[in-house]
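In what comes next, subunit A is part of two complexes: it sits with subunit B in the first one and with subunit C in the second one.
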Partner chain A sequence: MNPDPVRQLDRLIHEKGRLAILSVLAASPELSFTELRNLLEMTDGNLSVHIRTLQEAGYLAVTKSFRKRKPLTTCALTPAGKIAFTQYLDLLEQFVRQTPRPS
Partner chain B sequence: MNPDPVRQLDRLIHEKGRLAILSVLAASPELSFTELRNLLEMTDGNLSVHIRTLQEAGYLAVTKSFRKRKPLTTCALTPAGKIAFTQYLDLLEQFVRQTPRPS
Partner chain C sequence: MESHWAVEHLQVIRTLMERTALYRRALAPIMLAIGLLGLAAAVAAWILRIDSSRSFSLFWGGVALAGLGVAFRLIRRQAGQESEPFWSPPTRRVTQAMLPAMAAGLITVLLPCLPCGSDPLPAWWLPPIWMVLYGASVHAAGFFMPRGIKLFGWIFVAAGSAALLALGSCSSPPPIRIAHLLMGAVFGGFHAAYGAYLYLTESRSPTA
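Showing the complex of A and B:
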């Protein structure tokens, strides 16, 4: 057993809430705050904190605009976010492949 | 994208340090504290805390004995730990399979 893939996992991405956010954004060009909240069943506060953390890491681009005079916040992966998340998934795949089911 | 596999991941196992410990123990019937520390390159303090957490969750059995008059601590997965870790790996595999690489 080689513990390196686990050690190399990006802690910022590994956290469950942020991992869920990144994985739904990997499947869409962008999602609104409301769509993320409904998909992930998170509280506004929890989702806001995770989004800010991911934005500060340069992984998420957050755009604030208006639609029908209502404020609209949308999130999308940045190029750096796509690279980091792809690396994370590759390490995770390597980890799953190499780790034996305990017998 | 279905966020359920991520949501179901056992938080106790998901933490990187504990994940590394469980994955090396999944590949061995038991390992001593020293073997774990050397394999995982953790500090004594860090490893001790994680082992205690896993023991309290019922996932690890810790045995203290003597070998050549020196104290020897060995760790092994419990049956509950094997079940929990297998479930975790199954969810992780499902997550890796279903999550698209961002394009």
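Showing the complex of A and C:
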């Protein structure tokens, strides 16, 4: 067991906005940009930046298509993203377990 | 080092995941089973000549309960196959959304049985009321389900409203046996058609 799981946390995921994006996408096969924005109450710009960062890291697959002649951007976790998110959760849980509770 | 932040992180992640999780049990078999049940019930009611308001109401109330039972069993089986809890947060939200209108619909089943005078509620008013209530119920559940369910609810609301208008403008309603056909066509036919459509289009693995 690693003595300091916090040091192993993926810094890319360990950011409030990106963690929120990965959390909601872990619970749903895919979500549109609008759904993500409404769920997480982020601005378009902020969300776009986080999505691009996650996409460049290979954690997110972004698909652009058309629905009723309107552009539709959908996001989904890639297998690498799922693994990274699961590992992040495992490390967090490990850290919580290792920390002694105040009596 | 304090672990509060980690606990809070985990709590936030859990809340977000629960809020996002859509109800994604495979609806095709459920819709098909309910559709076939509705069609079979309509045929049975026609053959058995269920012609009074009270028997009409109790018969279709029983069919509705049977439909709920079938759906319950299929959902439970799917949850078991996926090694997931039956009473998952999405299942809970869908149930809570459907409950008010469904409960109202089930209560109307009892109306013709109440001793409220010599003129019981004519059976012809029940199908449109049930359609509207069921449509409202499905539409409410659609907020926690994939796209398409809300439209399915709207179709029931539209069909029920059209039937109400047609009934209101009709001086003498047709025989109750025709109402059985309407029930079979709408509740049986719509579910079966939607189930067949989902069979052809559903490809994702179910998770609730």
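The criterion applied here is as follows: the second predicted complex is superposed on the first by the 97 of 103 C-alpha atoms of A that agree within 3 Å, B and C clash if a C-alpha of one lies under 4 Å from a C-alpha of the other, contacts with A are read in each partner's own complex, and residues count from 1 in each chain.
The criterion applied here is as follows: a residue touches a chain if its C-beta (ideal position, glycine included) is under 8 Å from a C-beta of that chain, and two chains touch if they have at least 3 such contacts.
Because the structure is a prediction, the values reported are computed rather than measured.
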*asked:* Is A:Asn46 touching anything from subunit B or subunit C once the two structures are fitted on A? First, second, both or neither.
replied: neither
*Quick one: subunit B or subunit C, who's touching more of subunit A?*
B
*Which partner does A:Lys82 contact after superposing on A: first (subunit B), second (subunit C), both, neither?*
first
*May I ask you to decide whether A:Thr99 touches subunit B, subunit C, both, or neither, giving the answer as first, second, both or neither?*
both
*Should A:Ser23 be classified as contacting the first partner (subunit B), the second (subunit C), both, or neither?*
both
_Contact residues common to both interfaces of subunit A (with subunit B and with subunit C)_ = 6, 19-20, 23-28, 39-40, 89, 92-93, 95-96, 99
*Note which residues of subunit A are touching subunit C in the complex, please.*
6, 19-20, 23-29, 31, 39-40, 89, 92-93, 95-96, 99
*Residues of subunit C that touch subunit A when the two form their complex*: 1-3, 6-7, 9-10, 12-13, 16-22, 24, 204
_List of subunit B residues in touch with subunit A within their complex_ = 1, 3, 6-7, 9, 11, 14, 16, 19-20, 23-28, 39-41, 77, 81-82, 85-86, 89, 92-93, 95-96, 99-103
